[in-house]
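Supplied in structure tokens, the structure appears directly below.
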Amino acid sequence: MTDTTFSAYRSELLGRDEPPPCSTDGAALEESARRIMAPGPFGYVAGGAGSGATVRANREAFDRHRIVPRMLRGAHKRELGVRLFGVPLPAPVVLAPIGVQTLVHPDGELAVARAAASVGLPMTVSTTASYPLEQVAAAAAGPRWFQLYWPDDDEVCLSLLDRARRSGYATLVVTADNWAFGWRTTDLDLGYAPAADGLGSANALADPVFRRRLARPPEQDRPAAVARWAAMFTGTDRDWDQLAWLRRQWAGTLLLKGVLHADDARQAVAAGVDGVVVSNHGGRQVDGAVAALDALPAVAAAVGDRATVLFDSGIRTGADMVKALCLGADAVCVGRPYLYGLAHGGEPGVRHVLRSLLADLDLTMALSGVRAIDELRPGLLRPR
Amino acid sequence: MTDTTFSAYRSELLGRDEPPPCSTDGAALEESARRIMAPGPFGYVAGGAGSGATVRANREAFDRHRIVPRMLRGAHKRELGVRLFGVPLPAPVVLAPIGVQTLVHPDGELAVARAAASVGLPMTVSTTASYPLEQVAAAAAGPRWFQLYWPDDDEVCLSLLDRARRSGYATLVVTADNWAFGWRTTDLDLGYAPAADGLGSANALADPVFRRRLARPPEQDRPAAVARWAAMFTGTDRDWDQLAWLRRQWAGTLLLKGVLHADDARQAVAAGVDGVVVSNHGGRQVDGAVAALDALPAVAAAVGDRATVLFDSGIRTGADMVKALCLGADAVCVGRPYLYGLAHGGEPGVRHVLRSLLADLDLTMALSGVRAIDELRPGLLRPR
Amino acid sequence: MTDTTFSAYRSELLGRDEPPPCSTDGAALEESARRIMAPGPFGYVAGGAGSGATVRANREAFDRHRIVPRMLRGAHKRELGVRLFGVPLPAPVVLAPIGVQTLVHPDGELAVARAAASVGLPMTVSTTASYPLEQVAAAAAGPRWFQLYWPDDDEVCLSLLDRARRSGYATLVVTADNWAFGWRTTDLDLGYAPAADGLGSANALADPVFRRRLARPPEQDRPAAVARWAAMFTGTDRDWDQLAWLRRQWAGTLLLKGVLHADDARQAVAAGVDGVVVSNHGGRQVDGAVAALDALPAVAAAVGDRATVLFDSGIRTGADMVKALCLGADAVCVGRPYLYGLAHGGEPGVRHVLRSLLADLDLTMALSGVRAIDELRPGLLRPR
Amino acid sequence: MTDTTFSAYRSELLGRDEPPPCSTDGAALEESARRIMAPGPFGYVAGGAGSGATVRANREAFDRHRIVPRMLRGAHKRELGVRLFGVPLPAPVVLAPIGVQTLVHPDGELAVARAAASVGLPMTVSTTASYPLEQVAAAAAGPRWFQLYWPDDDEVCLSLLDRARRSGYATLVVTADNWAFGWRTTDLDLGYAPAADGLGSANALADPVFRRRLARPPEQDRPAAVARWAAMFTGTDRDWDQLAWLRRQWAGTLLLKGVLHADDARQAVAAGVDGVVVSNHGGRQVDGAVAALDALPAVAAAVGDRATVLFDSGIRTGADMVKALCLGADAVCVGRPYLYGLAHGGEPGVRHVLRSLLADLDLTMALSGVRAIDELRPGLLRPR
């Protein structure tokens, strides 16, 4: 049961002749991304809503919980693997959905899919991916999740679900918190709108039902197609009855992303979801929103054993993962860090970031005396 | 009932060919104002009393409250409009009184009045405006409020009220917290005193009763007129009985500005005001004063349904507005941001700042699952 | 009863043609002192013990209390004057003892005495003053206090007390917290020891009893005299019985300075002192010591009406004074700020700093609706 | 009983003609170390795990406790000496184990041993010292402690213990928290691994049992020897039964280092240790771990009188020592500061740092009115 794969990356890094594609430290990684990326794409990725209060809150929340390491536990034997929705994973870590990844590197989602598959983690492909979901699926054999920005055209929606199912996406992540774009001051000041440029329209342009909605084929009038696509899932919030309808349309695993209140978690369970993702969209939507970690315990308590709880928004280190898992998450999602890895070096950059995070998680558990994921419980933490 | 006017400004900004006149982020806006303005005027506008502790406190107080966004509420249909003192407004937002606005741009209050009217928000014209209240009233057709620095000469006071009434100012905002100037170290170190230069004497010089008080017409001895004017409303605090007297003189809406203690709020209601403005004058008067937001809940509880509660001091984002409205305010006042907009680009600069704030408010409500202003209640927030 | 002297300094500053000798803001004042002073003297004045934790703590403590200004109190009529130990003072403010002031300006204590007298505040002359206490007394006619570093030679001690009495020093401030020098890293790193250079020996060299202790007159062997003097009051802590003895030797007002614990305050009262000074010596003695303001309420409660409580350590603004007076102090001591004023401009510099602080106090009270010092009570404050 | 040795260093510093080898302030000392050391060694010494959260937490924890100095205690007579495990020490201070000290200065552990002996404090020699334990023992006559990274080869382990015993090491410190290296991002980004270069193999290469384990003598195949050595004590956590076994093998004093939880402290006592060291390895192992000082009170309460409690991780000043001793530690360990002293000036640099810390401790006690170590109790502190 000993798993030394992850922590072994430490020795591999120290033994290599060349420096890694980017830093092993989350803050340094973001700083070097700021240097190598153009202001527009960097601002789009790193930026948050409004004053950035929620981005900061997400990070500060972790610092209010401290790990109390335990000694002499024989933790050299440990197992990070879990079963998530019946699927064995090497660790309870998922790549969060991020759209338009070619903004950052021409290989975009294809590189990320390959890197994720190489370490065995699920990648969540966005509705607004730069490549059609079929092409991302074909790029690598890892676990496939699909994120849905919910179109207001039911037939287009069902067409997307059908394509995802046929391409082997086992889990559908419905994003509830981004039906309109937040007030992102960095983008607004730069006049930067990648979605408006059609970078996130690949899934639409490849969709037969969507194409029938257009007066002219996108090859002849791309701007109209792009605008039609954007209009389908922005500006139209949904309700809980509609979620129950969606549940009936999707036989696979269904997650609702963006849950921050215990009552919403209860309603999601009542609507039949298999899990909720506690997330404030990385601080990109509501300025001044509760830190995702601060919202986690109440959501986990409300859900209990009836569904799975994932955590997203702010994970930068192994300790962050440990804390979220202790506070009630069954798995955690990682977002910006892997995209910075993509920016620094394509697929190898993503792999480096993922392996670093897993090694950090592994060592943090080891040195805290934790031998398995289910030992990550509130008692391992104490308040600052 | 759907109102998409405000949030639509987001798309408008992203679609425009030229950059907006100034940043959409409050902190960046102040920083660029620091760069483009001369030190005296900038220090006068941005500066606070003493060590600046209250200016900082005003901002920090917002960070201690966090919004808990709710999902799937159908919030694409929402209504920001309110009735305030019987008048329909597109949003519960008022332009706070700021004197001598030609310090910042030659169009001063005229530009601000036009911008406010263009979005339908009330502008509060200061007693020490750079233009006479009649001229500001003539500049635009929006809702008109008049702020009173209370002269110690009752006839001059009544003359001002009469002029305001005749020019269509429906609401009188009596400022209680600025009967003497605070210890503003930035101005003192620079020796900068715009009021002493007579910039804020337009309403006096145009007042027939005031002119009769002068030994010589102001056209012949401007310094004497300016000094006489300043002396009328500095150095003389008032009491509650005098407020009851003023109440009898003004048939319109009467607000008392500068209330920070629940007992003062009760006394104001007992004196017959229609509302109170919770404010510490933007941190410009008492160094070390309570943050205005920290004072709000107790004042709102003390006032109850008997009067209207406005909030002023520290609003920079849509989330700030949401928090103040949740904590008991019926409407919020915005000050320095619109003046920075004025500094950056006259009327269009002010309009940009106001539309940005409204769009931010609109999107923050939307993405928090809030469909109407009266849904902004304490339960939407939690402590940090 | 109206007193407009203090706040009038605001208009005077704004009306003057030349800039004041130094900033009206405490932090800016210290920064400009850092620029104009040599590193040794500046470090000696500004520095604290060890890591500087107590210097920072002293300031941060003020920020945890906030003033809640009250409106319409008729506070244009107000009185800052108090009687302290039977002596009328224009405000409850005392110049704290600081030794070797010629480090900062050649006029040293003489300039400070003149400036203090010009505004009517007591100056506390240090045992280690650069000029003999008689000469400082002769420089100005203001209230005179004498600070005692307690020599271990009783006859020298009594000689000092006798000289102080004869020169009109009505109050004796016995410093309990500086019988050895703290670990002041700035001085140690620079090798800077002004006392060792004999700068603080003026009172010794002028003392007939002390001179009899020397093998040779100081004019012939100054180093030996300086060393003898330093040895008399460093390295020898005292006890409560000895304080009772000292009480019997001094008929005037007796204060014990350096009290931070309620039990020590009770013992001081039992030993017969007229008052205690809550102080951590400006953070210069014990690194990591409690902030003086945090220690004040318990000391004030322990002392009750039986003695007078002064507050020292950290006062930089009028709001600081208001807070300390609200939390139980009968008067406050100001230290470093007046010395920075001395560094910037001799007597006029000190006067500027003192008048600024008094104006700030006056305006802070006025704008908080406070008409007299005895209205400064805990209810004016609330926690942050 | 008067001990003026330590505080006298203050006068010695002020009286010397040349500046000391490095600063007397912990933060300035680290900053100058950053300047004079190469990035690799400096990062190795100063760096912490992951984001550095635990390094920061260790320091911040001290600031939440404040000393309340007491007056007139006659504290000029005081005694810092203690008996620790039956051995008289001049103060309850121990040099924490740090490996591979020649990274910092060619004299490495030999210089540190001489400096420690010169002030009478125990030095804890690391398993991964740059010089064999016998050579370090021979360098100076001070109290000798030996730190054990526990090899997974029992015979090698016993050989090390036997050598330590024969060289006069009275105390064995078993490190429980470093059986694998933490995720130290500074080292990883630089690819810096001093242990991998064999710098810490001196004790192995000199060990007869270890040498028999090698296919070829280390003189012929040093890389193989180094790798074998590293493999012996990395990657293999132990359990409590094995600690009981080790207890039986070592007749001297036995301490377990790395204890942060009260239950682990109880188990250590049950396994027969003489003491525990509360430590998070200076923040180098688990990012996000509890501050060592925050863990101290519960461990001390759990241990009670049954064993001795040492404190390690974060000590930079005399006040830090006072606080740890008040909160339950019987003695404190100092780490990085003496290594920075070594970097600045070899043996004299170490001695300067140690004497500075002792003088600071002495003066902090004196000026807090504390006459002996056993007066350092919780009542001397209060929360911030």
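Worth a mention:
A, B, C and D are the chain letters, set down in written order, and residue numbers restart from 1 in every chain.
The criterion applied here is as follows: contacts are C-beta pairs under 8 Å (C-beta built on N, C-alpha and C of every residue); 3 or more make two chains touch, one makes a residue touch a chain.
Since this is a predicted model, take the numbers as computed values, not measurements.
Each step here moves to a touching chain, and the least such steps from subunit A to subunit C number 2.
By the residue-number overlap criterion, the interface of subunit B with subunit C counts as different, with under half of its numbers used by both chains. If you average the Cα atoms of subunit B and of subunit D, the two centres end up 59 Å apart. Averaged C-alpha coordinates give centres for subunit C and subunit D that are 42 Å from one another.
Among all residues of subunit D, none touch two or more other chains. Here the chains touching each other pair up as A-B, A-D, B-C, C-D.
Within the complex formed with subunit B, the residues of subunit C that make contact are 4, 7, 10, 13-16, 19-20, 23-28, 62-63, 65-76, 316-320, 322-323, 356, 359-360, 363-364, 366-369, 382, 384. Residue ranges of subunit B in contact with subunit C, taken from their complex: 49-51, 53, 57, 176-183, 185-189, 191-193, 196, 235-240, 242-243, 256, 258-261, 263-264, 267, 280, 285-291, 294-295.
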